[in-house]
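Here subunit A shows up in two complexes: once beside subunit B, once beside subunit C.
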Partner chain A sequence: MLQFSKKAQVELIEMITIMVVIVVLLLVAVFFYFKFYAGTITKSSEELNQQEAEVLLTSITSMPELQCSLESENKFCIDLYKVSAFRGLVNDPNDQSGKQYYSNIFKNKGIVIKSIYPNSNNGECPSQLIEYPTNCNTWIIYTPGKAQGYTKKSTISTVVSLYHPITKQYGIGKIVIEDYS
Partner chain B sequence: MKKAQTEILGLLVIVILFIVLGFIFLKFSSSTKTQPTIRQNIEVVNLVNAIRKFTPDPTTRPPTSMRDYIRNCDSQQCKDRITQNIREIMNNALDKKTTYSFVIKKNNQEWLSIISQNGCAGSTQYVYNSPDPKYTIMLKLCKT
Partner chain C sequence: MFVAIVGVVILGFFINISRQQFQLGSFKSSTEIAATIDDALEAFSVAPEQADKNFDFGRSLKFYVNKNADKNTNFCNQLSVDQGQAVTYSKIIFAPLTLESNSINIWSKTWFFPFKVGSFFYISSPRIKYHLVYDASTEINVRQLYSEIPRRFNFELNSISTINQALANSEAQNFDLVKFIFFNSQANIAVNDKVNTLKVTFDPGSDRQGTLEFNSGPGTFFLTKEMLYGAIFAGSKSSYECSRNLALTKLKFVAGVYSGKVDLLPPSNTEGLCDKYSIINENLRVLKDTQITQSNYQNIYSNINTLTAANREAAGSGECVAVF
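Up next is the complex of A and B:
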């Protein structure tokens, strides 16, 4: 019958214990590493989303669909009549093609234009604007379809000049990008 | 304690030290913050451009822009109107933590200075000089 010396058995047990400790330590290290890595990826994703929103914010002001122009010259402002028309196109309940087309550009970002001065009452503006709005201050341009299911929302905004082409009056507003991520 | 055990303990300490150092390195190597300066600059430029286009008196025909209003202003009455408009615009456009200093210079001399109620202290965000043949607008935003 095969016999082991006591000393050899003790050393074997010691070796196994040390191996187990090292493996446990390595597993703990790997666990924390991946947890840290996952956190970094989430942070990068949020930063990327933020940058995307900032790029969109800058590019929206120069979109021909919204930008005001006079005799083909861009005036670096938002035309309120174009805003109304654009909102009608994107939110047409009978024709989803507009919303589908712009969902590829705006993705999961909501776009709202707000008039901040001259002061106006809160509320969404109607499609037809005869005068510069005083009884409303908001134009909801685009809301992503999945927005209802999400609670986490960050917003960024920038000041823009709002132009009313009939009265030829310039007001001051904000373009707000709402991030539904 | 046997010599082999002591050596293994030493090895363990070294492994743990490497792991800790690795974590510290990873934490600092991935903490490069994106610079928000460009965004703040755009914000201030947009604000000044919007103010220059703004129509202070919509009853005049054709409507006058703030740019022309400032250019042609030579009375205390229109100065007061400009001050009131700028204050109201700033109060609506900026968040409560941001203060401002809005200075208009004509012929290199201070013509109008509008500073927020709490002054403009703290870290300066951006200073924008809006060039015009007749005057210069200097807007400074401060974060408190």
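Up next is the complex of A and C:
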């Protein structure tokens, strides 16, 4: 019959204890490492999101859906009639195809256009531009589904020239990108 | 014995963690590159007419565009890098199915039909060679097409009499892919993984629309020169159709915006009633509501011509304003 000496038993218990401690320490180290790594991934994701917002802000002014065009020559301004029409297309309650298509482009970013000059009352403009600029100064083009219940919102904006094709007058406005994350 | 078993288990555990960590790092890096390319293309779309650029990544990467579109159209419009996650893009990109290179060339061109609809992006690598092959009836058109392609792309202009299987075999040894684009007449070249063909047939009397046969397969159509360039760069018929259909979807939405704009414009001003808006809107609605297919694509130019003429007249009259 195999018999262990008391000393050998103690050494074995010691060794097992040391190994358990080492394994626990390594697991704790792995846990913290992955927690740190998850943090860097979240940071990278935020940076990419920020980069996306900046690129969108640059490119949105040249979207044919908003940009001024005169006899197919595109100008660096925003056509207010296109803004109203585009808002109607994206937010049409009877046809979700526009919302669906542009949600792939705008993703989790809201798009708002605000008139700065000529000065006017705050408020969202109706679909017709008859009362502009006296009664309104804001067009909410797109609001992402994520806007409800978001945890973080940051905004970036740029100044643009707003063109009224009937009066042929230019105003000053800004495009605001609201980044919901 | 016990210690050895425990040691092996612990070692295996950490080797597995390291391997997963390496894969995760590579996946993250590839996904970041795909997202950055997507953003770079977005920035490119600001260019007024066209732009081209070379992106050097400093190491060899594999790019996949519409990789599985042949199997399922749900995989349309997807870009991925190495083993990274595919990014679904809304841009109109024409590229080979696989690009393996340190660098890629990008060319963007604005698509007008007849108003600006969006930008087309053409992507290739220095390891892909294109031969534009003309015959006597297409030489002028093909020379014109060739002259517009940025020199950074690997294009060569050839007469059909110079094209043969020996040339295809020799070029296939020097490049990842060699593509012969034949205009109207096609030489007998065997198609394989490294040699592809595209036959372009212009419709009678047109230098901008016609039909295409990828690797002598079933035909499809192109409407404009920008779409023809798209077919030249696209990796397959399915990949081309993914991007072309995305362009036609964009056309519907932009036409919808213009149609909405006409609805908002006051029908008269101090100089009188505008009678052009109804013609413009009627033709915009055709672009918005018509599904352009192989069977009706030839009719669309009559709407485009009417629309362009009515808009020009609207711009020149005191009663109306130009819609686009």
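We adopt the following convention: the second predicted complex is superposed on the first by the 173 of 181 C-alpha atoms of A that agree within 3 Å, B and C clash if a C-alpha of one lies under 4 Å from a C-alpha of the other, contacts with A are read in each partner's own complex, and residues count from 1 in each chain.
Here is the rule we go by: a contact is a pair of C-beta atoms (placed from the backbone, for glycine too) under 8 Å apart; a residue touches a chain by one contact, two chains touch by 3 or more.
These figures come from a predicted structure and were not determined experimentally.
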Using the touch definition from the top, say if A:Ile18 reaches subunit B (first), subunit C (second), both or neither. first
Who does A:Leu70 touch here: subunit B (first), subunit C (second), both, or neither? second
Would you sort A:Thr158 into first (subunit B), second (subunit C), both or neither based on which partner it touches? first
With both structures fitted on chain A, tell me whether subunit B or subunit C touches more of subunit A's residues. C
Using the touch definition from the top, say if A:Gln128 reaches subunit B (first), subunit C (second), both or neither. second
A:Tyr117 contacts which: subunit B (first), subunit C (second), both, neither? first
By the touch definition at the top of the document, which applies to A:Ser62: first (subunit B), second (subunit C), both, or neither? second
Contacts for A:Gln51 in the overlay, against subunit B (first) and subunit C (second): which applies, first, second, both or neither? both
Touching partner for A:Asp79 - first (subunit B), second (subunit C), both, neither: second
Is there a shared patch on subunit A that both subunit B and subunit C touch, and which residues make it up? 51, 58, 61, 168
Provide the residue numbers of subunit A that touch subunit B in the complex, in ascending order. 14, 18, 21-22, 25, 29, 32-33, 36, 40, 47, 51, 54, 58, 61, 75-77, 116-117, 119, 132, 158-161, 163, 167-172, 174
List of subunit C residues in touch with subunit A within their complex: 3, 6, 10, 14, 17, 21, 24, 28, 32, 35-36, 39, 42-43, 45-46, 48, 88, 90, 112, 114-118, 249, 253-254, 256-261, 263-266, 269, 311-312, 315, 321-322, 324
Hey, which residues of subunit B end up touching subunit A in the complex? 5, 8, 12, 15-16, 19, 22-23, 26-27, 30, 34, 39, 42-43, 46-47, 49-51, 53-55, 58, 62-63, 65, 88-89, 92-93
So in the complex, which bits of subunit A are touching subunit C? 15, 19, 23, 26, 30, 37, 41, 44, 48, 51-52, 55-56, 58-59, 61-62, 64-65, 67, 69-72, 74, 79, 81-82, 84-86, 88-89, 98, 101-102, 104-105, 127-129, 165-166, 168
